[in-house]
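As structure tokens, here come the structures.
Common to both upcoming complexes is subunit A, partnered first by subunit B, then by subunit C.
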Partner chain A sequence: MTGLPRPAAGTAEADPVIADELRQLLATATGRAELAGITLDTPLFGAGVGLDSLTGTLLLRQVRQRFGVDVAAEDLNLDALATLGTLASFVGDRVAGARAGGG
Partner chain B sequence: MLPVPPAGCADVWWLDIGTVTVGRPELAELSLEEHKRAASFAFRSDRRRYTAAHVMLRRVLSGYVDSPPSSLIFRREPCPRCGKPTGRPALPFGYGLHFSLAHSGDAVVIAVAGQQVGVDVEQQPTGCVCALSADMNATDAEWGRPLAEAARHDLVIRWWVRAEAVLKCTGEGIGHGIGAFPVLGSPDGPVGPAVPGGPDQLVAATPAHGCSLISLPAPDGYQAALALAGSVSGIRLAVRAPWTAAGARRPSHDSVR
Partner chain C sequence: MSTSGLVKCVVWDLDNTLLRGTYLESLPGRPPADPALASLLAELGRRGIVHAIASRNPPEAAEYAAQATGCVFVAAECGWGRKSEALTRIAAGLDIAVDALAFVDDDPYERAEVGAALPGVRVLSPEDAADAAGWPEFSPAEVTEEARRRASLYQQRQRRQEAEAVFTGSHEDFLRACQTQVTIAAASPDDVPRLRELSERTSQFNSAGQALSAASLQALIGAPARDVMTVRLRDRFADDGLVGGCVIDRRQERVWTVPLLMMSCRAIGRGVIDSLLTWLAGGAARHGAAAVQVPCPVTERSVPLRLALTRAGFRARPDQAAGHDRVVFRCELGAPRPALPDWVTAPGET
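This part shows the complex of A and B:
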């Protein structure tokens, strides 16, 4: 089945540029270069890439600094943190919304 | 059978994951839930850290309750804040035994006590951690302001392990915020790095959020902290398994390697 596109749930709208920036933030926050290559459907918390509470909190703080999006405050269920793709979609939506709103 | 530490005392067990082999006999000691969680890691290194830590936890606790490692059943107490089952890990029937597990990088640390206990260890991140200042208690964050960058990164991680140790001791976790109370304060300045000691040492504790808190001597490149519920002026630590001398461990723990 190689060569066929494989759709991943909940990642349809992930902006590839934002996803790449998030991968870089992840790699820097954890000091693990291999995280720069994870796929959109990779879970971030709970297991997945093994983010602990420190690196997870650091990632969210850096997302806030870089994109101006406070994920923890705006998404109380933290569904946005399910995978790299859901986080990229969430950040992309908020960034686009801020632009559309003239912010 | 190991005695449960008396009031004001804690047993500390270190493991260097770099020195262990986790094979079939070790994996057989884990529960279905632990296997499921191990399988959900995307990277082998994370799976290895998780499995080694949980094999270690079962083997250490089995020495206090006189039951085989694989027979232990873990439950989560309710969070004292919200009642969700995200609180402290515990054994059914308790055994009068409290414990806490932390791992980061190659380090696993387990604390065992006769009262609520919380432990945390973090490998010092290579990148900048100043973004975390926004999560710090304002008093603690103030200490970092005049420091040069490397010293500030050091302080931020010292703050983190101390605050997280307290929140693991109470069972609140960091989900409800980690900056509600100061953990670095002293009249002379922020608390310094932990002072390495022998296998048995009394460490002066500072009060924080209803707990007694110390920085825990940790391997190079790591910081750690330990909190006991209640108020004591010092915590007596018994290091049951040191970081480096893995060969000195009791025979039943040797096969973790």
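This part shows the complex of A and C:
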């Protein structure tokens, strides 16, 4: 099992505000309102949310528009999309990093 | 931009462009269609280019335009928002790149707005458009059976999407309920024109990032240790025909390399690319290979393809560079392989 490309991405606690916004984006990208209630450990592929190429691409586009984080450019294998929690941590790390770096 | 810069869809203004006059001001009468543009619409339609509408009119105007021109419009954006936003929605709805659109409007303001917001769109006045039939971006080298039926395939696709919106159950259940059939087979020489067209038109789902000529495809069919595969797709809504394919290079004994993996954007979300990747891994394992590798561009455009590859168990390492902005995605075949769904027919599968 290969880990995330940056160790920090998997270790940070998922920011609950970011996770909530991601739930909304997921519900929009998939057209399934019930996804607004999923837990952090819900897999985004397969049985959980069932993201496919189409809905996954829509989600990443919305994440970039909303948070300015380009997951596809930074995460070669798109491991950040494993669960809602990994995605929230990945986005949270980079949002925090941008704030710290930008002063 | 699509690999070749070909226009896939022309978005038309109505008032004083496709229609000779203004729809609302002509009521209760109706302005006639511009006859020269109506025949251009038909000609481009025969070349597999589809049409859409972006108009500052009520939705009835789009229905009227279809009647007046005798042409099918695969999307209509009627409203008072920015036309660049209307074009963005049209491209998203058709799953094509915005850069594969052309836009025709008599109003210089609208042309400037679209040109500034979406620099990749071919922006034309109706006078420019009259000559468009002679331009290379409106002239695909070949017109296949799939291309001629493209407008109706988009309409059937819309009906499928409407059915899915009210379907309760998983996406896989929906594909089953649609009687989806994916057929993977070795390419025959008859498939070359459509494969060449696909290699030119596909952008999001094209691992090679460039078109293959008919001659190279022809040479690959039957070449030793190479395979050219086709994927066909049909369901109860439509027979989409040949929607995808791949080239396999088996010259390295233990590793199958796939220099080209491609799929029509129209087939997105219907299990085609996943089936093909599952079959590739299964086929390679049966032939004693240890791995399958797919060199793939790492760009924003390739995100859907990368999602499909990682979902199918392929991994890339940043050091596996294969040239500028490309990496090799590799699937190790040691682990047990998932079976193909029963609606996939493929060589070597029972």
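Convention: the second predicted complex is superposed on the first by the 88 of 103 C-alpha atoms of A that agree within 3 Å, B and C clash if a C-alpha of one lies under 4 Å from a C-alpha of the other, contacts with A are read in each partner's own complex, and residues count from 1 in each chain.
We take it that a residue touches a chain if its C-beta (ideal position, glycine included) is under 8 Å from a C-beta of that chain, and two chains touch if they have at least 3 such contacts.
Please read these numbers as outputs of a predicted model, since none were measured by experiment.
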item	value
Three-chain arrangement built on subunit A, subunit B and subunit C clash or fit	clash
Which of subunit B and subunit C A:Ala73 touches, first, second, both or neither	second
Partner chain(s) touched by A:Glu34 [first = subunit B, second = subunit C, both, neither]	first
Partner chain in contact with A:Thr42 - subunit B first, subunit C second, else both or neither	first
Touching partner for A:Leu54 - first (subunit B), second (subunit C), both, neither	both
Touched partner set for A:Gln62, first subunit B, second subunit C, both or neither	first
Partner chain(s) touched by A:Gln24 [first = subunit B, second = subunit C, both, neither]	neither
Subunit B clash site on subunit C (candidates 4-12, 58-66 or 220-228)	4-12
Overlapping contact positions on subunit A, where the subunit C interface meets the subunit B interface	31, 50, 52-55, 57
Interface residues, subunit A side, partner subunit C - complex	2, 5, 31, 45, 50-57, 60, 70, 72-73, 76-79, 81
Contacting residues of subunit C [partner subunit A, same complex]	95, 165, 170-171, 268-269, 273, 298, 300, 303-308, 310-311, 315-318, 327
Subunit A to subunit B touching residues, read off their complex	28-31, 34, 38, 42-43, 46-50, 52-55, 57-58, 61-62, 64-65
Complex contact set, residues of subunit B against subunit A	37, 40-43, 45-46, 49-50, 104, 122-123, 125-127, 129, 131-132, 134-135, 157, 160, 164, 173-174, 178
